[in-house]
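Here subunit A shows up in two complexes: once beside subunit B, once beside subunit C.
Showing the complex of A and B:
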């Protein structure tokens, strides 16, 4: 290669400024896009993998090979119905797998959906307090309790009357209305001190059952080894309360769930508006969604008034008067004025709510230390209630805002096994026997259950639809015993688990680890199948493939079009330079030489603008790497593994981008260059005309 | 004008190669845009179709009933009378149906899933009957026969359900098998009932995973509701595009008839429980929504798809614009002497400009028409092939397990108009350079 060969292309590039500029800018943007796109996608891939592995799945999930369904922990498109199979004895699996050199730990996991109800039955509480008051002959308290009960009864009566409009079974309803009315009569209370049992029994049998069970929330629960979970999922941290003590039963709720679903509605609205306004910079006046949220707020005042004691009502009324001298009327109208917020007063109202009102009300359904009743449908289809102590709330560092990372609440392995309802093979086949023997329509599942388990309390049949049929309730004493009970590490491990989360020393070893687990599985007959975190995360994990696919498709199309355009520009440039090429050929340049000039021309242009484009992308990426790309929505917090994505790039991204672009540009020059080589010296010198 | 047109056409023909190249680029992008638009429209159509079959009418007259302030039951009382008011008060109704709404678990011997239960009176729902497709046994059962078992008409009978193929696969059940249906009633009690599967239906995207149909009487019993209380009146219109206006009309009609209406909230009913629970009223309030509102939570897919399509096509158009500008600039330079001559024999600057613009116009129209039509043909072909989507994530995004593409004439026309407009815009720079030329200098130009 000689100097001329370099100089000619350089001169040509300078001479055909427009063409150079245009081809150059296409190459520039092409490289820019490829480098930016691939770096971003790899950054998202890495952050999402961090989110998923560090929140629930671990690096690898092992589960029973008895199920032919794929394990999907973040939802596979159905609600419930995941048949993960069962690992009968987790201890064996743990021992075998933890022997492998890649594996740091295996944590047992069991998944069970359950519902909890908030509030509880206030009537039951009142009746208990009445008994105490009667026992200590405290007539003042008794009178107060009577008043409270009558208030509740009046509300119940009103709602029962309304229910007459929609309910099919009028007889029962009318009976309950009659009972409620009786409680409101003064004569009903005459004999409470002389024959308390008669009165209280009536209240217990006829009235207490009408009381509200309260609101219901459905929760997804993860039963695990609570000692080892925080150790190996190192993003885990307790935000309130404490971790469940070792060897104790207990429940840990995700902060997300606690704040978004178990918090007082007004407080939640204040939180949400505060977040929209101050974190996302929305304005109440301009954002329609925020505006409608704000408009609904005053109507929800009961969420406060219901919670206030008479004493607190008075205090709040006085404080509100100070804050809002213009608001007149009773507490309700004052509160309505208070809850009427706008962009100017929101901050002060929000602060007042948390300083003054929040301490007076029950801010959350449960407080730390409360006993919660969780109800689930067991494997065999009957309902199971379990009392556990709520010890605290947790979150995964960096994923505070993501509802996906906070999807599960944690409980100990033993509580999980109970809610899950372990069924042995014999029980299963026995059930099947009974099912076959007896006509199904007559004996429902719960009756079969009765036969199997020695009968539940209820005797109702399937046709008796309004029954709490197959509920297996735990009596208070039993429940207390369960809560007090302690268990050993051995009990956690030697028993049922649904999956095991395998944590590796190094995520890079995932392929070796999979192979090692497979061979251990084969030699030791562990009956396992494995899936990586990506597989286990279901649709969420696949999403990255989709995004990648879309990106590559886009790059492909962009280059296809760029190829055509560059090609065209070069062909035209060649035609224009026909005389010049002819001259070169006439003074002895070989076809090869002409070809080289053209290719070199593009190469020089490609490398220089390609490098520039890659540098520009690198510059933008490093800038974004320091300021971060804010997550626009909840789901992105999970993708970004935090509120911001801090993209990174590597030399390989830059090289990849530049190489691809240069290949494309050289490819698009070959055709025009060939045209140039076809030029015959004599024709060329004659020119076009 | 005609002459200019002919000149422009000739010029394009003469520079065959570059015309072909630019046309190719324009056609590819037009084709791409059409396919992406068809995909987005396909998803939107699938959404509308499954929404209006599974969960919603074109308009829904639903609402909430509160026996006490803390309640929020998704119920409508006096449903027969309200249906009559709707029928009398609104023109353009095709038909109305009353649907019971429930939420619970279906349990088989092997598995259980959470579903929303739609109580239907199948004999009064010819629309539903004709639009639901039965699944072949082989679709949900290994080694099953290639024929559909069951009969949707049996939903008339008490304690029957029709479920979807995906659910049947999960639950490992077949037509005729029993299922246990459990729900939590209004009072928070657990009610349960054994039901019989009378039909297994073809899946309809994601929405059908969470939906089953049951006979309305059985569901009412489960919730202990009287005859005249139900979940929603679903109104089907002759022209579904009129849903928004029809809903506005219905709001007036119902409020004039003395019904209390909730403020319009364009979200599905199940997102409103908390709001209603917090509000300070008791008794009945009606809530009107369109089908669009009831599936608003699925719209992110269409929005995302549109965003990706638009940015991709945007980038491509910029590249093409650069290409057009470059090509025409060179062409202007090449033709300098020709332009000079034309100007010298009396052609106006404006005509020169027009000549070049016309070139771009012809190029744009022809190339995009070819691209758009090929795209449309390709899209229809793919659509009719009913290609299965392999990835669950893609299925979730496209709301369907087969690839649905819908091409509309308006898409094609819009694409052609947009692209032609665009190439004209790109040609303005070189065209005005041509128009600015001084005749004498131009003739002397050595090209």
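Showing the complex of A and C:
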């Protein structure tokens, strides 16, 4: 019995080669996609979880139960300064949680937004440096600074002359042109060494205001225990400079931030073009984004000329003449030609920039060892400025290219607490009084833009410096004292933290750990709430669900098509084989037998092509597991937890794929098989011809 | 002699759109074991309807049909199928062999459905019957590699392999040339004589009718003539 039962469907499959081939291909492709897709997604899930847990969140984040808001460290509202509650005494929490057997460590975390100024107005900077040069009687430097200032003044003069035709306030404009012209006269500089204050005051009062305003950058800062952080987030490594010494205040900037936001703009552009071209294989001629970046480059020549001393200007002009004999005119026109890059000359221009130009200019806003002033809005609503030493830059190994992983700069807990500005009960009640007095109104996040700015939307990281009403600044001597101050481990822990990153011995224990934390929380009254890395990473953590959803939808569509095609071809086969089925029924075959033949037919086809498809996917995955899938863009580096994703698969992926295929094949054959069982033996008695 | 097929006042109506057409108008018939009976009549006389009822693939509108001692209209589909499997053999006008099975497998098929025999037992029976219908050289061939006469021989072998009491044949020679048809009738008759298997076949070919021991003529759904031959 068994043999014929297998033989008939097998031979039927062979007899209808075209149909078998089409249905088989669909099932093959479907299984291939299921196995490949689910394996890839699981691999991405694992690598992304590694990226997130090893860079910021740890496995679990604990935070105060006094807030109703959900903690989200990437995206989401937390960084915007929503009330995320406070952990008043971190030491207690750390002690209790580190007693749990699943927990390896708890690292304190505080988040605060701050701004740093890029040195303000370039003219102001030059004047500052001039004062220093005068004080130390350094006439060579002074001469260089004079040249830089004159370059800027010439530019300002040119733009003001252009304004003459259109400006309404001709009086002011003519006055400024007159002032600028005066700076270019040699006689103006005659008395700089004899009566420096007179010259410098004129420059400060009449010229500096004409220059562009300085830049500021808004930074996301993570205050943490700088000794424990590198220990438990083991992908952390210092790329420049050194770690903040134990017990010292200090600032560590993410390499990402340092390279992408705090670097000379032309250098940044060269870096980005280089990366797009050589890491992602884009071409200037073909990629529109890259093309527009390249098109903007020549217009940014001032980022070089403003930084050059007259001496360096001459050297650069000579070197450019050698490199670009065809470029004529002054340094500006030569630079414009130099900055006009294309696919062919980019490499050599890039190298020239870094070899010749970079050493002549200030490549970064700050250098290692500089003291940086970070300014933040405290909880009480006041501005707070704090000086910290910039010790170095860091990255998370494998995630160096990902801007997601370098979203935070690190500072010590004590600096964080100052910038955060802990509010005492007294301050809170005072604030309440003020609110009442000024008829304070709560503005929701949804309509805040409309209410405050009339719907206009602008998002910019570099803004002009505004004057500030309330500001608490420490005097230089005080700042110096703070920088020199040392503190103990006890001070780090016994105080405010916003969240605690819980690192587990084993990520698999996350559910037990959550339960253990909850129970400790209840018995010890820790006033905590918890969220997993996935929850804490906000929209980024949820992304995997979206990708999974898209994949499952694609699989659903493929199998829907497979279902329809298998169903249709089997219905056709049933119609074609009606006399044969009738004859079998007349001879004595039961309905069940007919049903089995049809189901077996698709089952044999489904299992064989499904297994083939699963094996093909396994083969491809093994191959990809060795060579890796290159990340096509920054964001993928974060998803892939490195420049390449090395996917893995397990037997369960294969079994899942094959099971799905079997279910689909059987389900799609039930209807045609039922039609076949309804064929009456009587049809066999009618002649076919 | 004992009647193996017994029809009493059998009426069969077929629905045809909104009206119903009466194919059999009250047939009384009795066929004994071992008979070699032809049912003749013009097209539309009710030959095939009568054969379907005797072959248990259809049930009468009224009256009773008894086959191998069982009242057909009292049986459900499952039991009718069992009755066909164990007591009846079928030879169809258009052969209706399973195209994807070879000669051996087609002949073996009813035995597999019946179950109960070992592989060796089945093989020896199949080989023997293939030999008797003269198709031993074609054992491994598929139906589409055979001539019409050869296919019908396979069908005969398949009908006889379960050693049924009755073999039903619906116009078994209609799709064959006269010479081949002749040899098929000869073979059927030979089998009838050798095993005492009851053969009931419908035909409208007068040359074939000659070979029947008993001829039942139908006209407009009624038996108009029954003739019994002493010998052929």
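What we mean here is this: the second predicted complex is superposed on the first by the 544 of 689 C-alpha atoms of A that agree within 3 Å, B and C clash if a C-alpha of one lies under 4 Å from a C-alpha of the other, contacts with A are read in each partner's own complex, and residues count from 1 in each chain.
Criterion: a contact is a pair of C-beta atoms (placed from the backbone, for glycine too) under 8 Å apart; a residue touches a chain by one contact, two chains touch by 3 or more.
On a predicted model such as this, the values are computed, not experimentally measured, just so you know.
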Partner chain(s) touched by A:162 [first = subunit B, second = subunit C, both, neither]:
first
So, does A:663 touch the first partner subunit B, the second partner subunit C, both, or neither?
neither
Just to be sure I read the superposition right, which of the two partners does A:573 touch: subunit B = first, subunit C = second, or both, or neither?
first
Which partner chains sit in contact with A:246 here, subunit B, subunit C, both or neither? Use first/second/both/neither.
neither
Have a look at where A:315 lands relative to subunit B and subunit C in the superposition and call it first, second, both or neither.
neither
Which chain, subunit B or subunit C, is in touch with more residues of subunit A?
B
After lining up the shared chain so the two structures overlap, which partner does A:655 touch, if you call subunit B first and subunit C second: first, second, both or neither?
neither
Is A:565 in contact with subunit B, with subunit C, with both, or with neither (first, second, both, neither)?
first
Subunit B and subunit C footprints on subunit A, overlapping residues:
688
Seen from subunit C, its contact residues with subunit A in the complex are 48, 51-52, 55, 57-58, 77-78, 81-82, 84-86, 88-90, 92-94, 96-101, 105, 108-110, 112-115, 158, 170-171, 174-175
Quick check on the complex: what are the subunit A residues that touch subunit B?
18-19, 22, 25-26, 29, 33, 76-81, 83, 113, 115, 117, 155-156, 158-160, 162-163, 165-169, 212-216, 265-266, 292, 295-296, 299-303, 377, 381, 383, 431-432, 435, 440-441, 444-446, 462, 465-471, 538-540, 542-543, 545-546, 550, 554, 557-558, 560-562, 564-565, 567-569, 571-573, 576, 688
Using the touch definition up top, name the residues of subunit A that touch subunit C in the complex.
1, 3-4, 7-8, 11-12, 14-15, 579-580, 582-591, 593, 680-682, 684-689
In the complex, the residues of subunit B that touch subunit A are 17-18, 21-22, 24-25, 28-29, 32, 65-71, 73, 75, 77, 105, 107, 109-115, 166-167, 170-171, 178, 180, 182, 184-194, 206, 209-210, 220-222, 224-227, 229, 263, 265, 274-275, 277-280, 282-284, 308, 312, 315-316, 319-320, 322-323, 325-327, 329-331, 333-334, 391-397, 447
